[in-house]
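The following blocks contain the structures, represented as structure tokens.
Both of the next two complexes hold subunit A, though its partner changes from subunit B to subunit C.
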Partner chain A sequence: MKLSDDVNFQSWSEQLYKIMMNADRQGASDLISLSMTKGLSSEQIIVKLLDPALVKLGILWEKESVSLAQTFVAAKIAEDILLRCVPEVSMAHNNPVVIGNIEDDFHSLGRRIVATFLRASGWNVYDIGNDVPAEDFVDKALEVGAVVIGASAMMQTTALNIRKLREVIDSRGLRGRIKLAVGGAVFNWRPDLVAEVGGDGTANNAIGANALFLKLQAEAKGALIQ
Partner chain B sequence: MNSYDRVMNTLKGLPVDRVPVFSVLGAYGGKLTNTDLRTLYSDAAAYVAGQQAVQETFGMDLVLATFDYSAVAEAFGGTVAWDDKQAPNMKYPAVTTATAALALSLPDPQRSARLPVILNATRQLAKIYHAQVPVFAAVPGPGALPTMIMGLEAWMDTVLFDKPAAMQILQWSGQFFVAWANALFEAGVTALVITESVASAEISTRTLFAEQFLPHVREIFAQMRGPLVFHHGGGRLNHVLDLLPGLPNLAGVVVSSKDDLGDARSLIGPDLLLVGNLDNLSLSQATAKEIRARSLACLRAAAPHGHYVLSHSAADVPLSTPPENLHAMIAASRDYAALGKDAT
Partner chain C sequence: MNASTVWLSCGVLRDELGELYRQGQISGELRFLDSMLHMDPLQLQTKLKESLGQPGPSGGRLILVYGDCCGRMLDLVREYRVGRVNAINCAQMLLGRTRYRELMKAESFILLPEWARRWKEIIQTELGLSADVAHDLMRENRSELVYLNTGLAPVPRLELAECAAYTGLPCRIEPVGLDQLLNFLVEAESAASIRSKGEVGP
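Showing the complex of A and B:
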């Protein structure tokens, strides 16, 4: 019997979740060290401890019961865990994805948190930063072979700049083959903006980004096959 | 009854002819005077002309001193993102670490970047509208000010993972806050709106706000030379509202459109001014009829208690907002005063 057979994953994940909610980065590090000494593999730590804790955090976010501070700490903890574990993990897909803040938008924090969670979920994230012209998103996606672009904006005025990205995708004949995920605070306040700017989908929080990007990737690959 | 008396009486809980109505129409002044926003926010005379046009067009119960936080970021050494559709924003902060922030010189409100322009415009507005319309200015709260210096990400990182450095930053930047806020009072503002985004549920937990920010806020508020209105800064505030009564110089609070006005009143007690809480984003999308209905709903919820100002709850209204939607807010207040709960 392996040492890890003794581990109650649900209980350990619950501990990790509580540590995240208490913004205890060191506590998380200690817990991961302990889990390693118990014989948990890197993949078990990510899949059975980290992922359920993040899902639980995401549910709280849906209920608007978790703050940016808690998400920020959770992202840091996730990043810490990934840095320790990822080299040993064979990622599920490692598919490329391009994310950035649309032209005139400089609110990077949400995007960075999304990047962390996407990396945690196995994506090869190309984060092209703030104030990115529409053409640059598409150029980068074509360069790295990404079929999903994530464009972030915090305010309504800058969110409307995403329309240009929609136009560029369409004008290059890439509609359906490159999917456009949109996100940022304003989309939570005004969900109708997603359609208004030509987005193919959104997630209410960073934790939900993986599911959205997987869905859009599947749609884009379906379009390619057709 | 003029706007000044209406607002002052509301603050004191005295009778008024109708509930005062506020709207943040800084950039909108540029739209009315056909002035590009870069000029509007860089030239005191242009800004004053914009506010005069706003006042003549809508007759809101406040005049707004230049609401431009990018000027604060710029004074610390940050860069500004200019836009022809909205008030300027900080493009890049001056620095991205706490250590680098502490090596900066504090700006001088009378000399640094566009801060003197703001003071000049404020002085002119205070003179023009003396005892006629109250002049309000907005400043980033003591807890949120470091985001204008080092950006939100670096500030959150410092607050969450390096508390001694966060305390140092707060003490250091607090000196500027006091100097800037009191310079605005000296320029003639009636009250300051303190937008404290770190208090909102979207940014902080109640515990984080109570333990790391509130003591500093209390210390800074005690040094203010006039009344203060605490603003949510972009998120829900009700989760910490009960912690605010008793803060030095606190006259009122602005809650978000996602906060319940009735709950807010219960949480702040009977005497503080309550301001809110129409949704900014809907102002440009909704019809005047819808804005009227929403305004009346706010009035029914909060006006009977008194100490209430009808307002939308965030920063500048979108420039695409039809004028009739703004007129509808004042008409709702007027009709509510005449008809009470029967106003429809």
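Showing the complex of A and C:
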């Protein structure tokens, strides 16, 4: 019998979730250290402790009951765990994806949190920063072979700048082959804006970004096959 | 500047608009809403709608002195046929587009005088950031605090020092005039359509 057989994963994940809600980064680190001494593998820590805690956090986010502090610390905890565990885990698909804030938008926090969660889910994230012209998104995607671009904007005026990115993708004949994910606070306030700026989809929060990007990647690869 | 213009502004620019009014650079009527509405965009939107629904200046203009601070700001402008300064936020209004972009590229966190005075309310109460979390968050995303000194109020040195200590960021003071703000106001007033007599809303 292995030491890890003693571990009640559900209970430990619940503990991790509570630690995240208390924005207790050190507490999370202590819990992961303890789980390692109990013999949990890196993959078990990610799949059985971290993932369920993040899913629960995502559900709470939908109800708008999560603060900025909790979100930020949850992302940092996820990042900390991944830094400790990912080198040993071979489950990452490592597909490239390009993300950035659209031209004139400088609200980097949300984008950085999304990058963290995408990396946690195995993506090879090319984060090209703030205030990025539309052409640069597409150039980078072509350079690294990404089929999904994530464009972030916090406000209505800057979100409308994403229309130019849509135009560049289309004008280069890449519609369907490169998918455009859009995100940022304004898209939660008014979901109709996703279609208005030419987005192919959005997620309500950073935790949902992986599912969205996987879906868009599948659609893009389907388009390539056709 | 038109005497029948109503300027509906965020309270964060109360001193600055008041000074331009006192200097005769703008005329008309100044109206302000609480600056803390910035922390609750839905509530801000509701308050703006209430204000825009009130009788406006007949034969004049109503100008929103707001950045893009709620999800439907541009829709409000269209719906109520009012003018609005073409700026992302209040910091850009004071700095102008070029300097604002430079500071954003430098990852500066900008504090206007009123934000500096109310920093605890914003960072601790509204955002719920403990000192540890604020420290981590700000140090990872920002390089410095920049206080925009319009010269209309004493520099709140104690509050700035407290905020710097709480966030772990160095703080510096950048003098800023009102020229850029005035440019935004003049541009908005020129572009705004004149309301017909008795027009009160959408």
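Just so we're on the same page, the second predicted complex is superposed on the first by the 225 of 226 C-alpha atoms of A that agree within 3 Å, B and C clash if a C-alpha of one lies under 4 Å from a C-alpha of the other, contacts with A are read in each partner's own complex, and residues count from 1 in each chain.
The rule is short, and it goes like this: a residue touches a chain if its C-beta (ideal position, glycine included) is under 8 Å from a C-beta of that chain, and two chains touch if they have at least 3 such contacts.
Here the structure is a predicted model, which means the values were calculated and not measured.
K.L.:
Once subunit A from each complex is brought into register, does subunit C clash with subunit B or fit beside it?
P.N.:
Taken together on subunit A, subunit C would clash with subunit B, as the superposition shows.
K.L.:
Which holds for A:Gln44: it touches subunit B only (first), subunit C only (second), both, or neither?
P.N.:
neither
K.L.:
Should A:Val73 be classified as contacting the first partner (subunit B), the second (subunit C), both, or neither?
P.N.:
A:Val73 sits against subunit B and subunit C alike.
K.L.:
Tell me which partner A:Ser152 touches in the superposition: subunit B (first), subunit C (second), both or neither.
P.N.:
neither
K.L.:
Look at A:Asp104 in the shared chain and tell me whether it touches subunit B only, subunit C only, both, or neither; answer first, second, both or neither.
P.N.:
So A:Asp104 meets both subunit B and subunit C here.
K.L.:
Can you give me the overlap between the subunit B contact set and the subunit C contact set on subunit A?
P.N.:
23, 25, 67-70, 72-73, 76, 104, 106, 108-109, 112, 131, 155-157, 185-186, 189-190
K.L.:
Taking the complex as given, what residues does subunit C use to touch subunit A?
P.N.:
Interface residues on subunit C, with respect to subunit A: 41-42, 67-75, 88, 101, 104-105, 127-130, 132-133, 136-137, 140-141.
K.L.:
So in the complex, the part of subunit B that touches subunit A is made up of which residues?
P.N.:
Against subunit A, subunit B makes touches at 81, 83, 85-86, 89-92, 151-153, 156-157, 159-161, 201-205, 208, 234, 236, 258, 279, 281, 318.
K.L.:
For the complex, which residues does subunit A have touching subunit C?
P.N.:
23, 25, 67-70, 72-73, 76, 104, 106, 108-109, 112, 130-131, 155-158, 185-186, 189-190
K.L.:
Which of the residues in subunit A end up touching subunit B in this complex?
P.N.:
Touching subunit B from subunit A are residues 23, 25, 64, 67-70, 72-73, 76, 104, 106-109, 112, 131, 155-157, 185-186, 189-190.
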